[in-house]
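Structure in structure tokens, see below.
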Amino acid sequence: MEYRHLGRTGLKVSALSYGAWVTMSYQVQAVKQAAELLAACRDAGCNFFDNAEVYAKGDAEILMGKAIKELGWKRSDLVLTTKIFWGGEGPNDIGLSRKHVIEGTKASLRRMGVDYVDVLFAHRPDPNTPIEETVRAFNHCIDHGWAFYWGTSEWSAEQINEAWAVADRLDLIGPSCEQPQYNLFERTKVEREFVPLYDSRGLGLTTWSPLASGVLTGKYSGGDVPAGSRFTVENYAGLRDRWLTEKKHQLEGVDRLVPIASELGCSLAQLALAWCLRNERVSTVITGATSAAQVRENFRALEVAPKLTPELLARIDAAIGDAAAPAADQ
Amino acid sequence: MEYRHLGRTGLKVSALSYGAWVTMSYQVQAVKQAAELLAACRDAGCNFFDNAEVYAKGDAEILMGKAIKELGWKRSDLVLTTKIFWGGEGPNDIGLSRKHVIEGTKASLRRMGVDYVDVLFAHRPDPNTPIEETVRAFNHCIDHGWAFYWGTSEWSAEQINEAWAVADRLDLIGPSCEQPQYNLFERTKVEREFVPLYDSRGLGLTTWSPLASGVLTGKYSGGDVPAGSRFTVENYAGLRDRWLTEKKHQLEGVDRLVPIASELGCSLAQLALAWCLRNERVSTVITGATSAAQVRENFRALEVAPKLTPELLARIDAAIGDAAAPAADQ
Amino acid sequence: MEYRHLGRTGLKVSALSYGAWVTMSYQVQAVKQAAELLAACRDAGCNFFDNAEVYAKGDAEILMGKAIKELGWKRSDLVLTTKIFWGGEGPNDIGLSRKHVIEGTKASLRRMGVDYVDVLFAHRPDPNTPIEETVRAFNHCIDHGWAFYWGTSEWSAEQINEAWAVADRLDLIGPSCEQPQYNLFERTKVEREFVPLYDSRGLGLTTWSPLASGVLTGKYSGGDVPAGSRFTVENYAGLRDRWLTEKKHQLEGVDRLVPIASELGCSLAQLALAWCLRNERVSTVITGATSAAQVRENFRALEVAPKLTPELLARIDAAIGDAAAPAADQ
Amino acid sequence: MEYRHLGRTGLKVSALSYGAWVTMSYQVQAVKQAAELLAACRDAGCNFFDNAEVYAKGDAEILMGKAIKELGWKRSDLVLTTKIFWGGEGPNDIGLSRKHVIEGTKASLRRMGVDYVDVLFAHRPDPNTPIEETVRAFNHCIDHGWAFYWGTSEWSAEQINEAWAVADRLDLIGPSCEQPQYNLFERTKVEREFVPLYDSRGLGLTTWSPLASGVLTGKYSGGDVPAGSRFTVENYAGLRDRWLTEKKHQLEGVDRLVPIASELGCSLAQLALAWCLRNERVSTVITGATSAAQVRENFRALEVAPKLTPELLARIDAAIGDAAAPAADQ
């Protein structure tokens, strides 16, 4: 496994990591099965595990926590995260108020059965809470030992800069990293918007959706929805419908990648993951998997990444073509 | 229920809320009865519960704490407050010294059986304690996790500004809200004095006495004191006497509101509450009640508030007439 | 009892208070006896109890703690202090290093059986520790809830100003009070040196030795050492010898006060205590006593203080004469 | 024993101290044996005990902790340290990230069975972690009461200055001391590079390797490796080989010290230790020992130090000659 610093921090994260998002609790339910999956991650040297209070309404945290305990995994060998924003149905269960950041964090830690996460994320920006209140709340969590670092997810560069301005003014700790969507179709934030932040703030990236909800695996090519795939999970029906209609031309772009993957002797998924990995600004590429076998499959992308020469990258861009353009111009 | 932000904070409070002041422990004594009352609040979507160390000398906190426990209410669904100033008879039981703010807060939490309140109030200004000592003490409570926000009650705009100046100088958290008296007769603070603070500091308001000690219900019209009403409680004899003598012309103003309430198909009390609600600077209107039925009655004011057109508000002002003038000119 | 603010803080202390210094554990040993003594204080409204880690090598704290527990005294009704400087024989048991301030404070709290003192004193200046280290250490104790305020004892005005300069620079809490010796013979610090600090820093005073080691009671007049008096305690032999030789002319000054006390219908001790009380800069005059009867005797000085007219004060000054001069010129 | 301040702090450390480095757990394994060794230190007045998470992979901390408990040593009589940098094999077990500083410190305290160390060291500089992250992390440990002071080991003057610049900017506590190698051969850092820091930052020194890995005892003279000496421990084979080959001319320098030691009536080791002690910038000279007898031998250097006149020091310099030159010119 390759380890990278989380942006400019001293924390080292595996370049490929595992996220609980869709899989934990919806597709993987038994502790034993989850433990097998995480054991495959561990065997591959993966140390970064992404979670959120909203994933399966907290059940993803519970399941991951139990699986880690089952494996007897040493806490300091793990980099655990969670994200706070959607904690429930009540008026104060959502957003980044001091109340919800603190209550949400404590509830997440209880569910995971740990004393602290390594990185605590603001899962979305909250325009209804002053940024100062949120920055103070995340620092409160760090001061109390519930997290070592904090980050943002799907914030704009401007919002991240505002958070840093508050942190600077109050001598507090600013966000170390951002968790944006990043894949062959979604490139604008990582490759344009955040660029100044890499140097000015040492921003790290923990990117999600490297396979564009599975579309970059090629399994939906032609509009098929394979039985057991994520698009058959009822909670993700909206996602499925959007892909199969509006974004049809992106599925066509995927088809054009097939010969390149063949040439490299890898799967489309491995090619898509390797493409994310080749960006050195990315601290870790968060992957999903429902089985140990799939983890091993995904992690072979590490061998593909070094093969992505500038010439190959140009061919990949050409293959994707204007399927990525809308994203790049956002 | 309508939820509003507590001033500029991320905290959301129900526009109508419940205060323990006169009722808890003096008029409502059994845990079962209190739980029924709070259940009616919960059913109506009310999430904000106001208390103070001085209410029934701590018994209001004990009773409310037990009732909440009885209902199995999830802590994060509640916005609990208490107010510190009068904690007992001793020389250090009163005021806003660091000693009393910290000792008083810890004692309140113990009585309520909770780890923290959401908002901790300075129940009055304390001219004998430097504002810096008080601001530091409230921040100490926030740092230790005993409160998320702090506010003031019956402070002047100048005192609130002084607190903010100290907070700014020391990078501490300033008061998020003020709890003033506000009703058809008492308007000066909310509508004049505090106006600059809404923008400069994002001051929120948790207003009390919306019915002017029950006078705006019309039940004392003509000087009657109904059996079982608050004015028969011995501890409030002074309040009663003041109303029935000096403020007789205000009772007459109330009589002039009767036709407007009739027209709206609501009670005088509902009209008075709706009148407070129509001010968007008000975060929450704290109401009292001694029964679940009264809670339901009060909360119907939410349906009245949207009906208060500018024309109707003008008629209300005319009806109250100079009964409000002394307050407005204070 | 009269209560005064501790300097500019919000803390209220009884104008006459009780110090454990010589008496607790050397002259009063049984918990029952100590409890009777403290009960007499409580009955008189005394709320301030002074202690130090060095008094009877910690036994004074243990004894006072047990006596308070015996009386079932409510913690918030008490203003407890201790002083840190001499905690033992080891190289790090002495002074104001971060190590000793923190270790010493924790040990004192354990001995007294309380979670916090109200005021934590630096018992002497420590020229071998940077003032910044000491100011940070006392603030650490306040942050951790082990004290509400901190003060100094026998520091110079310059040293107090240095501590405040550090506190100002680092946004920390400065010393609220100083504990100097103050009596008819020792006046320079309180009446000259500290004068600018009363306004600039709101410095409070908790003065000790109001009877000049018992000399102002008149009991040593003519050079007698009464059986059972403090001067027969072996540990204080040096003190006794100094008084009985060098300071003989001060004993003569005491004799000249006798007619004034007679005129006021009070004892010499009461006159001396009243003289301290009449200085409004003094927050509390710390007294010693070995019995409940002596406590009651001492506390009658509160009735004498209002009788000290400017004319009487002038006569007192004349009577003391040059016995005070050396002190005043120091 | 002579006690010195740790740089400009108020902490007092014995001029000669004991380090667990090679000996604890590799050469001394039984708790009983370790306790005897530490008892010899205690009898000699030694109060400073140096350790590190890396020493014997944590076993040195366990052994020292048990031995201290065995002796019933009062915590406040001890000055314990540990050093954080190499905590294990994992990617986050090494360096000075916030994660490792905090996790490493908590693990060390658990192993030693204490609530805090007195001084917490950054065992090496970590160029991969921003100095601000490290300074904040050490201050976090101090705020939480896990250490009173923090220091560095084998940092450059520039790195120490950078740490202080961050501490100054954020009002945090900077490193109080540095732990460099210092002996007759290694003088540059202490005598040149750090010189400005003694005044500007009050930097203290806790120096290690006073006997240059035993070479200054003369026992390796002529290239012999005595049975049972450190050079026979397999883990230190590299060290041995370097000395016996490249640094042969230093062994010759040692031979030229023999007559001076004879003249002073002391061993070569005592001379070498005394030479370190004579530098008043050194707060404590950390020594190693595998037996109580060796501790007593070492500590006799305290009697030799006062005999090192300027003339004798010049003769020592001449004897060492260019054996020290490479170090001095580094």
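Points worth noting:
Each chain gets a letter, A, B, C and D, in the order it is written, and its residues are counted from 1.
Heads up, the rule we're going with is that a contact is a pair of C-beta atoms (placed from the backbone, for glycine too) under 8 Å apart; a residue touches a chain by one contact, two chains touch by 3 or more.
Every value quoted in this text rests on a predicted model; they were computed, and no experiment measured them.
For the touching copies chain B and chain C, the fraction of interface residue numbers used by both falls below half; the interface is of the different-residue type.
Averaging Cα coordinates per chain places chain B and chain D 63 Å apart.
Averaging C-alpha coordinates per chain places the centre of chain A 45 Å away from that of chain D.
The set of chain C residues that touch two or more partner chains comprises 143, 171. Judged by the touch criterion defined above, the protein chains form a single closed ring in which each chain touches exactly two others. In summary, the structure contains touching chain pairs A-B, A-D, B-C, C-D. Contact residues of chain A toward chain D in the complex are 3, 5, 8-12, 14, 47, 74-77, 79, 118, 143, 145, 148-149, 171, 173, 202.
Interface residues of chain B facing chain C in the complex, by the touch rule stated above, are 87-88, 90-93, 95-100, 102-103, 107, 126, 128-130, 133-134, 136, 140, 143-144, 169-171.
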